[in-house]
Every structure is written in structure tokens, then in C-alpha cells.
Amino acid sequence: MAAALLQVKSVSKHFGGFAALSEVSLEVAEGERFGLIGPNGSGKTTLINCVSGALRNEAGSIVFRGEEISRLAAYQRTRRGIARSFQIPRPFHSMSVLENLVVPLGYVVGLNDTDAHAEAVRILKTIGLADKAQTPSNRLSQVELRKLELARAMAARPRLLISDEAMAGLAGNEVDEVLKILFDLNATGITIIMIEHIMQAVMRFSQRVICLDAGRIICEGTPAGIVKNPDVQRAYLGA
Amino acid sequence: MSFELLLEAIVFGVLLGCFYAAVSIGLSVAFGLLDVPHVAHPAIMVLGSYCTYVLGRYGWDPIVAGIALMPLFFLLGVAIYRFYYESFEKRGSDAGVRGLAFFFGLAFIIEVGLILVFGVDQRMVEAAYIGRSLALGEFRIPWRMVVAFGVALALTAGLTIYLSRTFTGRAIKAVAQDEPALRLMGANPVRIKQWAFGIATGVTALAGAMLIVVGPVEPSLDRVYIGRTFAVVVLAGLGSMTGTLAAGLILGISESIVLMQFGASWAPAVAFGLLLVALGIRPQGLFGR
Amino acid sequence: MKFWIGMAVTVALAAGLALSRTNEYFFYAGFVVLQFVVLATAWNILGGYAGYVNFGTAAFFGIGAYTAVVLFKAAGAPLALQILAAAVISGLLGFGTGLLTLRLRGIFFSIATVAVIFIMETAMVNWRYVGGATGMQLLRPPVMEPFESYTRMLFVTMAILAVIAVSIARYIEVSWIGRGLRAIRDSEEAAECFGVPTLQLKLFACTVSGALMGAAGAAMPMYMSFIEPPSSFSLTYSVSALAMPMIGGTSHWLGPVIGAVLLGSVQQIVTVTISNEINVLVVGVLLVVFVVAAPDGILGLLKKLRWLPRSSR
Amino acid sequence: MRFVSFILGLAFSALALAQSAPVKIGIGIAQTGTLGGGGKAALLALQMWVEDVNGRGGLLGRKVELLAYDDQSNPATTPGIYTKLLDVDKVDLLIAPYGTVPTAPIMPLVKQRGLLLMGNFSFQVNHTVKHDMWFNNAPWGDATSWTEGFLRIGQNIGAQTIAFIAADQEFAQNLANGAKEIAKKSGLKTVYEQNYPPATVDFSAMIRAIRAAKPDMVFVCSYPNDSVAIVRAVNEIGVGSQVQLFGGGMVGLQFTPIMSSLGSLLNGITNYNSYVPGMKYPGIEDFLQRYAKKAAEAKVDPLGFYLPPFNYAIGQILEQAVAATKSLDQKLLAKHLHGHEFNTIVGPISWGPDGERARPAVPMIQFRNVADKNVEQFRQIGKQVILHPPQFKSGDPVVPYEKARGGN
């Protein structure tokens, strides 16, 4: 395997007495399309919150591009190349679609106002939101919000993009649309971790998949291998 | 400080603490569980005191009056929440900031309404337990503080049991923790919140009755309690009923001991200093989730 | 550019009025209104842009006032120095309060700021040097040329402070800082994830806001020639500083100015006309009517009526 | 019939007065906030005087008009209100707001402009500014004049130790500090001192601590809300049998609503007052009778012993001074006020150089035989027995306090 972009080493996290993550370790390679699955409450979101910096892990370490980042604030991790989209879209609702992108372009990339606006327009074009640039972001449809989440993540110029259920609640053709965007991004060299409930999408997208259950990794492998794994089936069916 | 004085300080602190808990417990539901920035809570309590005063003139016992007022205040609470929900929560963004401003305005309006009807003079009530004390040898405890103690314990116990043992109670707790989950259960969160806010306002009527038992009341008294009630609720950890009692006790006992040891002047600073330190170290409150 | 001309005209107008034969009462009332412009503008930097509701305006205002008194009593410091020192001390208080509480969710921050009022007031009550609970009367120094009376000088000073406050608020609003603060208000988690150093920005806003409130408070002892804790730390300041931007509109620097001028003037007028409990009612009713019927304040209403372009700044 | 003639008289004088501009008298006085209750009663008395003086033909043949604004008990409002009165309303004469704190901010203003200011129950507010055109209507001067009576009564009955509790607010602290000094000078030993913050809920612990300290007398400087709470706590906990005198500077025990609601709990307390029935001043009874009618209509303090007569007296003083000098000139009036004594419904009044009363007389009274739920009882002589000063004395103290409290 090529040098790992992200290494998660024995990371644990508790909420009260509840162990949301226990000793989770994984590695994601540069340029990889990586899938993270697991039933509700299995610790997927907790794990990526620990990676992106929304939560602090208790034990273990998180190394990104050779640097220990588990004590850094979230914004510092973003500046080092980790961006994420949110499961429930969290646009800056008082701003226009364009301005939503200008925030990371300014704060992460460091562009000045004029350049940031030009760059934002470019990103919106590639993602198909150019005609909504001036629309207040609280007036977008569900699929537009998902796209805005991804566009905003792109604006942070990440090396690693974590897509947290970017397809939840979308219709079939909309899922294809979003998947295409993610494939295109990966083609430009961006590593992508996809967390998804829609199994079909994960299986189509990922090169490698890890399944979490009750805060532990229960198996790892290719999409084809994973679906056949009895542990995974048990976790999902609750047998 | 002699042992005897320390013991007395603690006894008075416990009584005072229970009083603080009783005036805060309605807010513990409204703000702690429902996240409604209810700064008009003390104003509604003072309104309860005045209603008790009015009934008192017809010969009602204040605590009986307080209990009788509870259904009325429940309806008032339901109405206020409905209005708050329609005007702010439903519209989503910035509900917190504007809701806060709304409740401030409401507090002012209640205060001025009371002034217009009753004037600025203090009002008080009479009852067999006001102005007497319970003598334990040399040691005497005012009955009215004992009444406050009883009301606080009854309210805490009642609400704790209600929230943990009844279906609606559990639904209220659920709404506080995870709204989507509740929706999945098929319950309407707005309805439940409305009900809970009604209960919060209902118990505030009894707290108001107790307020006027403990001391005289004037329309602007609510300002004094904004800080204290929120301090208790936050110190407790949002939404914990037993925590509210404990936080009230901590506040009461520390004020009482500070009074004996360093002088009463420093008592408010100690109470609020305690709050700041608690927030700094343990933002979720002492007994928070 | 238009903005700066407007600001310069404001200062010139204030100075011109102060040198003219205008009625003295105008300056007393005007001082209070301008003071509220500073307070409302300062509050809005944290409360309006970042959505963190500061209840503690009275604490910062009061500490500013007391800083001025200490300097005046100890060294007979001139007004400008009193204001500067007050801004520094209140700014530090803002920084300290922020450091302790800005990691907390918004509403906890609000509660904590209430606590700061009580702690500061108690400290002043127990500090004999500044008069303690009894308060202290202060004899104003002789007025400086070219002003005819001290109050006229205070009026011009407050006008300058108002212009400084508004300029700072506007600068913050249109700069990257303002965008970051708005991102925090919209979604703090998303802001942090998209590179906004949220804690630093909030601390910055809290410090600046506190400093401006302190500066506004610094002129108060000389205005009253008197200081005492209850009126210096009055909850009225906290409520007004919150109500004014709400009424004017919180998303634009002009909002707090409109709110302060409107509500401040109404309060002044009501005091000398209706003159009874109704004047307390005015604030309450206006506040409720506006937050319910015009959630974006007067500016929002004007925008809705298309009297203002959408992105006027 | 009387009413008709009154109306006719009013109409007649109004006709006569209409020819010239009125004499304007300005005041900012609390109608809301902590001082609002007293302020309302005081304003009513001033309005009564205005009616009376206009009935007599006004001042200098001109009608008198009173302009009153609410200062909300807040000192931040008074500078604005008084400049409005002076510069916009162009008043001829000024009366100070009720209370020390709202008055303090306008002292430099009146001094700078050389204006006459009639003080209104403030305490030592001219101490720093030293304005020589200030005339306070209050029956006290400095802290000595206030506390002396209480301490002397105590010493006469052999008290040697004293305890102090005082509110952490402006007036109470001034008074307590003065009292402590005097107590020290007169050889009293202080055995307990406590300052308490505003909005203290319960005084049980403090009273208990006093009980443990076993003082011979307890000097209390408190504000209305606290006074009520303290009186209650004392009745519940008891201060111990060794305490001879209790009270002194408790504000609020002069206000009718508080007196009537505390009722018998007041018995035995020795406290300051300004006027109580039994102090024979010419005209006071007539005033109080007329006041009672109006107070009932206006829903303000129904007895009005404390502030209203003294506010009416301000009017009387101004009336006499203007009549004597035939002028509204501030300097002339001030000079006249300094040099003369004025007869008012609260007795003859004259001032020392500092503008405080030349012969302060703060009655120390002891509540006796007060029953519950009865407002009218306080009109009787003997419910508030005057222990001091000697010229008004109507009885000897009943001691110890616990005995006096039990009724006698």
C-alpha cells in the first residue's frame, strides 16, 4: 500500500459510560475511495467527528500526512487538508450560496475577496449550482443543499474529503448526480471517505470498506467481500 | 467560627437553599429541558405571588391559593409557549436571541401591569405559619422557611416522579434529548413541549405563593431573581430536577456560611463566582448529562 | 467613502451644535442617546454578528465608569485618558469573560455574563476607595476651551465615541472577521470545520465589544458628577443594549444606530411627557412587537418594502 | 355647598391670574422604582399646596404651575430632567427629587448655575458640593442628629454594647458609618457588625448571629423591603432578652402600607420618624385630613405622615420667601432663606450654613399597642410614642425589647 494519508491508531471515545468508539484503528491511502458503514449508533459519525476535530478522542492518535493532529482544533485540521460535509446540511443560512463558499476560500485557502468570489463561481459551475449563486442558502431544495455541502467542502481545497451521508433522503437519479460529483473529485486526486446508509452507493463507490459495529471494526475488505461477511449481516439484521 | 454557629449556618443555608430550588424548578423545566430562554420566569412567579395575595384577601391560605392557581397558570403557560412557538421556534433561525428579547419584553409588561393594578407598594399575606417559629430549645426556625422547605421538596419529588414514571413525563425528557426520535415514536414534540411549558408555569404559581409567604413582594422583585434562578438551573445541569435541588442547596449553604464568616456583602459574589467556576470547569453543570 | 464622509459630518455637526447657542437640555438628552448608540453598536458586534447574547453590558459599562473614577480620583486624569483606560480594562474583562465562557453554548455564555454583573457590582460595593456602597460625588474639573459647559464637551466626546464604535463595527462587518462571525452565528460547527478559528474570533469580538461598552461607561461619572454601584450596574443598560439592535436590525451596522436613536429618543421623550410607569412599558411593548412582527428589525422592514437595496453595506 | 364655593373661588382666582404668565416650579420625583411609593405621596402634597396657593392668589399675583417628571428612582435620569426643566420649560424655582441618590447628580448643576434648590428628604447630599443655595426640608442634619436620639435613649437605660446591621446601599451606609463613630465616641462597645447586600431574602441567620452576640441595643439601617423582612425575622427568631432597644434607622416603617401590614409585629421597635400624631404643629391636622381624602382617590399612602407634610412645607417656605422678597430672584431668595425662620405645618424651619436644618429634630418613636390590620389606628396618639427629642417626648421607653414586643 502507498504511504497512508490518514492513520487512526487505537482511538477511543466515551459518552458518559457509553463507549462510542473502542480502540479503532484504520488507514486510508492517498487517492483512495474509502467506505465506512455500520448500523445506527455504531460509531461512524463519532469516528469522523474525531478525525475532523468536532470531537476530541480520548486515547489513541490520529495522524494525517505524517503529523499527529488529534490535539488540533477543527479549523486547523481543515487548513491541513481535511474537509467534511454534514449529515444534516448546515449551510451558513444567512448567506448566499456563493458566500457560503467564500468562507472556506478565505479562511482555509487564504484568497482575497475578489479571487475568492471568482473561485467560488468556478466551483459552483463544476458542481452545477452556478445559477443559484446569489440565492440565499436557506431557500435551497434538499439536493441543492447536499451539493452546497460538497461545494463548500471543495472550496476548502481538501486532500481528504469526508462525505457524511451526502445521499440520505435523495431520489435515485439525485444519488447518481452526487455520486458522479464524488467520482470526479476523486479523479482530481482527492481522497474520499464515504459514510453512507445507502449500501448500493457505497458498494459502487468504494475501493475498500470498513464496517463498524458498537464502536469496533468488525471487518474490512472489498465491497464484494463485505456484503458476504456474516458479521456484517448479523450487525445489520440484528440477529 | 464555633461549631454551633456553623451548624446554624448550615441549617439556615439548607432552608434558604430549598427556597432557591423552589423558585428555580419551573425554569429548570422551561429552560433546562425545553431550551426556552424564559427570562420572564421570575416575572410570572411574582404574578403568582400577586394572585395569591388577591386570593388571600378573600381568606385563602397562601399555599392553598398557590395550588389552586396551578391549573390557571398551566393554561397561561400553554398559551405563552404556543405564542413563542408560532413566533420564533417555528421560524427557525435565531429563535434563541429573539426569543430572549421577547421574554424580556414579556417580563417588563407583566411588571408594569402589576404596578398599574397594585401600585409600587409591597404586598404580603397572612397565615398561621407566618411570623411564628419552630422552637428547638434555644434554636428557632421560622415556620415560613419550613414551608418553603416543604414546597421545594414536594415540587422536586413531584416533578422527578412525573418525569420518570409517567408516559408524558418520559416524552418530555425524550423531547429534550432527541427530538427526531420522538417524532419517530409518533408523538408531536410541539404538543409535548407545550404541555411541559404549561407544567413549568403551573409549578411557578406555587413557587410564587411560596415567595410571598417567605417575604413581602413588589412588582419589580422579578429582577432580583433572574440571576439567581438561572444560576441555580445552570449550576444544576440543565433539566435535572434533583440537581436543581442540590444546586439550590449549594447556593444557600455557601451564602449562609459566607455571611457568618466574611459578611453578607460578599454573598452574591460568592454565589455567582461559584457559577462561573462551575461553568468553566464543568459546562454541563454539576449534575448534567 | 460615503461612509467616512457621513461620519465626518456627524462629528462636525456635533461639534457645531455644541459651540452654538443650542439649548443645554439637548446635550443632556443627546448624550444619553449617543451613549446608547455606542452600547447598542458594541453589543451588536458580538450579539448581532456572532449571535452570542451578552447580558453583561451593565458589567462592562459599570467597570468602565469605575475605572474612570479611579483614575480621576487618584491622578486627576483627563477625560480622554479615563476613556482610554476604561476601554482597556473593560476590554480585558471582556477577554477574561470570553476565555472562561465562550467555549460554552450560547445561552450559557448569556447566563455567565449575568454573573459577571453581580460579581463586579459586589466588588465595587465593597471597595471603599471608590465610595463603596455609599457612592461618591465627583467635582467636575473646569471645562476645556472652546466649550461653554462640561456637558457640551461630554456630548461631543460621546459623538466621537459613537463614530469610532460605528466605524469599528462596520469595519468588522465588511471584513473577513464579520464573515467569520456570521458563519459562527449560522452554524458554529460548520464554521469551525471550514477554517474559521471560532474561539479566537469570538474572543476578539467579546473584547472589542467590552472595550467599547467600557468607553461608553467612562463618561458617565462626569455626566452625573456622582457614582454609586446600583445605577452603574443597572440591568437597564443590559436590556437596552439588547433591545436597541433587535429593534433596529442586527445584521447591519446601521441597525443598532437606528434602534438606539429611536428607542433612546422615545425614552427621553416619554420621561418628560408621560412620566410614569408607562415609560417602562414602552421598552417592553416595542421589544415584543418588533421581535414578533419584524424579526429583522426596522432595517428588515425597509428591505421588505424594497426601500433599501438587498445588500447595502 | 363648600365644594361649590371652592369651585367658584378657583374660577375667580383663575380669571384674575390668567393675565400674567404662571410661576413655574419644577421637580423630578420618583413615581416608579424603589422610591416611587414615597414620591407619589410627596407629589400629591405639593399639588395640594399649588391648589392652595393659587386659591390665595398665587405667587406675586401670578398663578403657580407645578411641572413634575418621573425620575424612575434612577440618578442617571435626573441631570436630563433638570436641564429640561431649566432650559426648555424655563421654570422659576426648583425642588429636588425625593431621596439622596437622585439628588446627587444635580448638585453640581445648580451650584454652577447659582440656583436655589429646595432639598427633599436627602441625607448629606450637599456635603461635597457645598452649595450655599441649598435648603433641605428633612428634619435631620448629619448622622449625629439622626442617631444621637437612639443612642442617648439607650445609654440612659444603661446600655453598653451595640450591634449594627446596615444595607449595602448609599443612605444606609452613610447613616451606619456616622452612628458607628458616635457610638465609639460615647464609649459604646460594638459587638457585632454586618452589612448585607440588596435583595437579601432571609435575615434569620443574621438575627441569630445578633442573638449570639448579646448586644444591649441593635441599630438597624435598612430599606423598606429589608425592614419588613427584618421585623418578621426578629419576631420569629427573637433577638434575646438582653436587647433593650431595637431599630433606629429602618426606612419603610413610616410608610402606611408597611405599617398596617406588619401590625402588631411592630410593637417594641424604636425607630426614627419625621412626623407622628402628637407633635403639635399648627395646621398639620387640617392638612392631613384634606390629604387623606385625596390620597384615597389617588391610591397613594393613605396616612401620609412621613413625606407629604414636609413637601407641603417646601411650598409654604417658598411662598413666604417670595412674598417677603417680592421677587423670584434666586440669590435674593436664598439670602432670605438663610436669614429667617419659616412657619410651616411641620413647625418652624431654619437652616445652618450648609443648608441642613439649624435645629434638627428627628423623633425617635417606639411602637406600642399596635393591632393587626388597622390603618386608622395610627392616627391615634400613643401608637408611636415619642421618646426623643425632649420637646416632643410623650413617654418613656419600655425595655427590654422582648418585653415591649410582647405588648404592654
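A few comments on the model shown:
Residue numbering begins at 1 within each chain, and the chains themselves are lettered A, B, C and D in the order written.
Going forward, a residue touches a chain if its C-beta (ideal position, glycine included) is under 8 Å from a C-beta of that chain, and two chains touch if they have at least 3 such contacts.
All values derive from a computational prediction rather than experimental measurement.
Minimum number of contact steps separating subunit A from subunit D: 2. With every chain reduced to the mean of its CA atoms, the largest distance from subunit D is reached by A. Rounded to whole angstrom, the centroid-to-centroid distance between subunit A and subunit B, based on C-alpha atoms, equals 44 Å. Inter-chain centre distance (subunit C to subunit D, centres taken as mean C-alpha positions): 37 Å.
Note on chain placement: the centre of subunit B and the centre of subunit C lie 31 Å apart, centres being C-alpha means.
The set of subunit B residues that touch two or more partner chains comprises 93, 115, 265, 268. Along subunit D, residues 32, 168, 195, 197-198 each make contact with two or more other chains.
Taken residue by residue, subunit A touches two or more other chains at 93-94, whereas all remaining positions touch fewer. Against subunit B, in their complex, subunit D makes its touches with residues 32-34, 36-37, 40, 168, 194-202, 204-206, 208-209, 212, 224-225, 228-229, 232-233, 235-238, 255, 257-258, 261, 265, 299-300, 372.
Residue ranges of subunit B in contact with subunit D, taken from their complex: 5, 8-9, 12-13, 15-16, 19, 115, 119-124, 126, 130-133, 140-145, 214-216, 218, 220, 224, 256, 259-260, 263-265, 267-268. The residues of subunit D lying in touch with subunit C in their complex are 31-32, 68-70, 72, 74-77, 79-81, 83-84, 86-88, 101, 104-105, 107-109, 112, 125, 127-129, 167-174, 177, 195, 197-198.
Looking at the complex, you find that subunit C touches subunit D at residues 23-25, 27-29, 32, 122, 125-126, 132-135, 137, 139-140, 149, 151, 220, 223-226, 228, 230-231, 234, 236, 268, 271-272, 275-277, 279-280.
On the side of subunit A, the complex with subunit C involves touching residues 52-54, 73-75, 78-79, 83-84, 86, 90-95, 99, 102-104, 106-108, 152, 155-156.
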